[in-house]
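Naming follows writing order (A, B, C, D, E, F, G and H), and every chain is counted from residue 1.
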């Protein structure tokens, strides 16, 4: 079951690819056709199932361009 | 027999009395009536017999106002 | 009546500053103004203020700049080479419009000069702006202990009123000489809160403030400069100060500021005693310069003699005012009584020059 | 004919300096002149010279001062805030008469300004002297890559000839723009040996030299200043440089220097094409200022328009020359095409102003 | 025969290589014209901001390297298009990368020359050479210098540098752009 | 009755206490005159050099605290004597420590008042108070302020300072100098 | 495990103190990550409303004030410690810190910084070590590694250009410094450590312990001429060899 | 012992390099003794004709050039190391040294001095520590002892005025410094040691070992408000407690 979700804010992302580098689960990848504001290639959230909502990509994004959400079981 | 002699240059001496302080033999003393150029009291060479020509007073005079001479036995 | 106290010009700087609400003094020793920081180091704590000896004049001006942004009434004092080191900082205070007071007890320059004696060679650095340009500072030029004491208070007021750096330009002679000073506390119009001050506490309006670049504050480079020019214009319209004495019938107009103006005043006494019609025009603000008033006085007289312990500094402003319509003579530092550092321009020598010209 | 090479104004500074015999460059990074130290760091060793990156502009000027006293042809380059930090040192070089060259690639000020784009706001700091006063520096104001290249050589010659600091005042536009430059090596009259140089070796005359205070060198304060004034006089008599074009029949005289003068030249081309009688007076030395020549040209024309990417800096010198005898208009930084830092005064805008006035 | 005077402004966002275009063009023109000027305007203290440069070729001395109303403009982003559409001299030509610029322009007294530069660049394998495509197209249309000279200037620019490996691609982009302009 | 205007310059080598004299005199005059000025001139950056100071008392505002030709001068070294003999106003008085100044002066239009100040000081036990002897003598002759006022100013100067122990000696020196001047 | 409702909770977003302005930094610049460290520490310590930052000349001159929502002044090159000293003397209860590049603090501002230390100012300095001058386009900085190429040492830094400058060690050497450490943000683990270190540094100031100093090793992809990802590797392989991480000093008070 | 003829030989007179000018220093100022140390060492090393001195602002600004007969420049306050750096780069074979007071080097010139060190300049610095500003009349210097009264710390130096500055130790701390020592001339024995130390320092420069630094503790009777003799005792009892004598570093080359 999916534990996390990230949202990449394409208006602030600068396409540095650090999130790709830091995600321990390989959930992020640079796209081939989506562009950032300044014309660089945008990252994409490609493996939602693997995401553990660890927050690493968000913390390490220099441009505050990633929001990380965790799915929490209400009953727990 | 006298081993040394000092000459105090009264045009450069500033009357600081350091020579008096530093002479290990007590050969120098501040006079009561002779003045330096700027109106301070001059030191005097009072115990020529005691002087060992060690050069200390000369070295330590901040104003290069003392010449120290040594008497050397020619036959030696 | 306020108390009278016998004090030197340098002491009047310090006491006047405290009367003007200054509570933070940042400064570095330099002759001939050391008694100002020395006085402040002793007195500031007594009035709940702080004295900090900076490690250099460069730091002094940045402490003043930082202190001004923190919202306090702050000042420094220095002398010529020290002021030269502050030029970059002065320009920054102009950019961000940080209100503060700088006292220059000038000495003979250039370079190390005479190491701290009479001289009025700093006119251009102070009046024209020696830093990266495009700005003005208000420059007050007192000529007595009393004026120093009062102008220090005025300086803090004007600085806050216009958010500008206000100079008080003293010199060796003014700093050393002692006279009785009436301890008159001036009152000024109330000024608005420094809402923009950095206090590290939430502001009344809930906003944080940042002081980064001038042009951003006004939305653009032209807008920023237009705002500055508008401010300068307001100051030129409202803050010109000068004193004209014996100018009504004068056939020779002396123009002089600071201690040298005192020398001229005495020379004029001597000349008047012999029936010579001589007047004195004394700019009290060197920026804004009392150009129109000077032109009027100069045109009325047949000729002008500018007296300054310098080699031709203020003359340019006199020329600008007079526009070559009457002759402008200049008596500079060569009128000193001695070639040695302790030389001075005495009233007798100025009187001689007056006699020569009339 | 000498080789031609396409290069930026900043590169022309560096190449011209090397052609002028400069072998020691001391400098600190600052926009918009970083390519000068970068070039020098690469090229100096190739010509047997040394490049040192100082830790600040304060140190740059003192390295230059020390290097000048050591007898070498030395220079630094910087931009506005950096130059402000050099004011104390510049005054010292004036005191001890140490020959050296300082290039200011000016940017908009005050303060941090635009962080490195167009601006001519440094006129007063450079021309009037921003340090503790009583001195002058020669100020050359080139308007093309060719002039930069040649004036760098001239600057080193004049510096040595008069034992004075010689400025070359460039700006963002001149520094960035590229043109073909003829690599012409200028020849100058032979200059005497720097017998006074500190070399740490016994001198020819067996004397050691010390450079301590200016007034002692001349026996007294008045004598020292008289010697300086005499030197300044000699320079004023011999080194005034300017260019007057289309002034014979001009009914409007444009006065402008540096890159802005180029802008004016183009505007004049446009105006002449429409039959308007406009001329250009371009001071090439800002000190000594070509006052007499400007007055003559101004009086011949019916009016004057001073154009400067500034808020009123050179105007004072124009006013001094013109003496209110014909109207002097001013077109300043508000003539830029944009309020943002990258705004520029374009020829088209100056042309518009010409049309308005004629 | 060449006319005696050309002026063109390149404009785009930092990083898109507009200054490079100006430098290469100026270099190429050096052989042919007595006078060449190049002036770049950008924020040296901010990366990625707007930048532009102007190149002038002339057989007479160039009074000023600045021109507010150039005859030609090559623009690489929408904002630049808007700006230079306004600034262009009557009768001028504006070259635009129509892969990224959708605006078509309002003025009737100028020509808008559309170049699918980014498309072509991606086709060639690297978006980064979109600028060269535009340059080639510009020269193809305006013919201020022969395309061979331009290619030599490109070679000079890349040869012996870290980016020498990109030389051929860049030359190719220039040629392709040139063809795009000559086609009609 | 006091006349309305007094001016005096004290001159000597640094360390001899001439500035102190001026300060004490100015302090004393404060009670009696509407206007008092004091101006010292010395090299702040060099010890032991020449120093001088001028004190002016007046019931009218003092235009300048500087005067090149004072009416009175008190000099403590030979060079100062020469200088102020030249500078003194006609009819003026020059007070000199004749223990150290042997010159007798050339001018007939001024009075030279000889005070054996150093001698008296040594007699009192400390060469350092020679200055006070001169001050006392000056006041004894010129009477710009009563000697009692002067003594109070001396007291104010020393009381509560590190050198309070020297107060009595200094006061005594002033009194003795005063007597020297009144004698003839 | 029941099939109960799932709630979506934000675990990492924009800190409150991070303003809405996009950063002025280049893609992949670690100054952006350090911005987060500063914001989060200030928030956790509840000091956002008490903080005054003084940003030196360099990429953070405008970059920091624009992105971190506290009181700020941007300072002339090298002079942040003087400005901060004055502010702290005037508002002793505020948290006053400087944020300075390696050129700003280690070159033009070295004297100003050390003099603030020598005056026993109660400040915190955040020192950004990117081994070069970012803002001006990549010249030699005091921290440039030996052999490293810059635009003013095009053959690499040589002997006569000096040895690399060690800020954290030099700070720790001084008696008036209560706390000094060097951190990086080039890995998630180091990011966390950096937060702890900065927390301690701010606490030292608030408790009056003495000067506190935190050096951040920071990647500058633009000037280093590398991709952001390669820059991270460069830190690990080269920067950390010259600049070891760790706390160099941690005492309760300089006055004991 | 024969009653042979006696010859009178000068064993201590004015060194040749000591000019004929009287010194500008106050009575009992140790700067005069240090003048002798410098003259004698230069003469013994035969470097008088190769030396260029750069004197900082302070009592030795004019004092040193006037009394020591070598090439000199007097330098703006704090900037001697920058001027000396340029001269040494231009004349690498000359012996180039700075002579700087504790205000000059430790306050306004601290950055300039350390930056010369950080650039690996091959210079010698003679540092005159008299615990105060002599020339300007006795203000607080970085070296002023805790509790010591100065004209700007009239109740004695307090915490918030900082701790005393240790020049020789700070120099030794730096990698680019090959030699650093602290000496005095307050006793004849120390006078001799000072000569040996300065000799070593100059030799380090001539052999290209690295920066060399010699701190002289020096009595300033005028500002300390003591007789010259009491000042000597003050050095022994107070100055040496804060400023221990000795060599803090002595290596053959900084490049090993």
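Basically, a residue touches a chain if its C-beta (ideal position, glycine included) is under 8 Å from a C-beta of that chain, and two chains touch if they have at least 3 such contacts.
Because the structure is a prediction, the values reported are computed rather than measured.
Colleague: What is the shortest path, in steps, from subunit D to subunit G when you may only step between chains that touch?
Modeller: Tracing touching chains, the least step count from subunit D to subunit G comes to 1.
Colleague: Which chain has its C-alpha centre farthest away from the C-alpha centre of subunit D?
Modeller: Chain centre farthest from subunit D's centre: B.
Colleague: Contact counts by the stated rule: is the higher one at D-H or C-F?
Modeller: Here the pair linked by more C-beta pairs in contact is D-H.
Colleague: Would you kindly tell me how far, in whole Å, the mean C-alpha position of subunit E lies from that of subunit B?
Modeller: 88
Colleague: Distance-wise, how many Å sit between the C-alpha centres of subunit B and subunit F, to the nearest whole number?
Modeller: Here the centre of subunit F sits 38 Å away from the centre of subunit B.
Colleague: How big is the gap, in whole Å, between where the Cα atoms of subunit A centre and where those of subunit H centre?
Modeller: Subunit A and subunit H have C-alpha centres separated by 62 Å.
Colleague: Going by the touch rule set out above, which residues of subunit G reach two or more other chains?
Modeller: 26, 61, 74, 76, 107-108, 110-112, 115, 118-119, 135-137, 142, 161
Colleague: On subunit F, where are the residues touching two or more other chains?
Modeller: 44-46, 48
Colleague: Using the touch definition from the top, which residues of subunit D touch two or more other chains?
Modeller: Expected reply: 31, 34, 55-56, 58, 81, 88, 92, 96, 111-112, 114-115, 213, 341.
Colleague: Which residues, counting only subunit G, touch subunit A once they are in their complex?
Modeller: Subunit G reaches subunit A through residues 1-2, 4-14, 18, 22-23, 25-33, 35-36, 185, 187-188, 191, 221, 227-229, 232.
Colleague: Can you check the complex and tell me which residues of subunit H touch subunit G?
Modeller: Contacts found on subunit H: 106-112, 114-115, 118-120, 142, 159-163, 165, 170, 173, 175-176, 255.
Colleague: What part of subunit D is in contact with subunit H in the complex they form?
Modeller: 24, 26, 50, 52, 54-56, 58-59, 62-67, 69-72, 74, 88-89, 92, 96, 198-202, 208-213
Colleague: Please output the residues of subunit G touching subunit D within their complex, sorted ascending.
Modeller: Residue positions touching the partner: 57, 61, 74, 76-78, 103, 107-108, 110, 133, 135-137, 139-140, 142, 151-154, 161.
Colleague: Which residues of subunit C touch subunit H in the complex?
Modeller: Spelled out, the residues of subunit C in touch with subunit H are 28-31, 34, 37-38, 41-42, 51, 53, 55-58, 81, 111-112.
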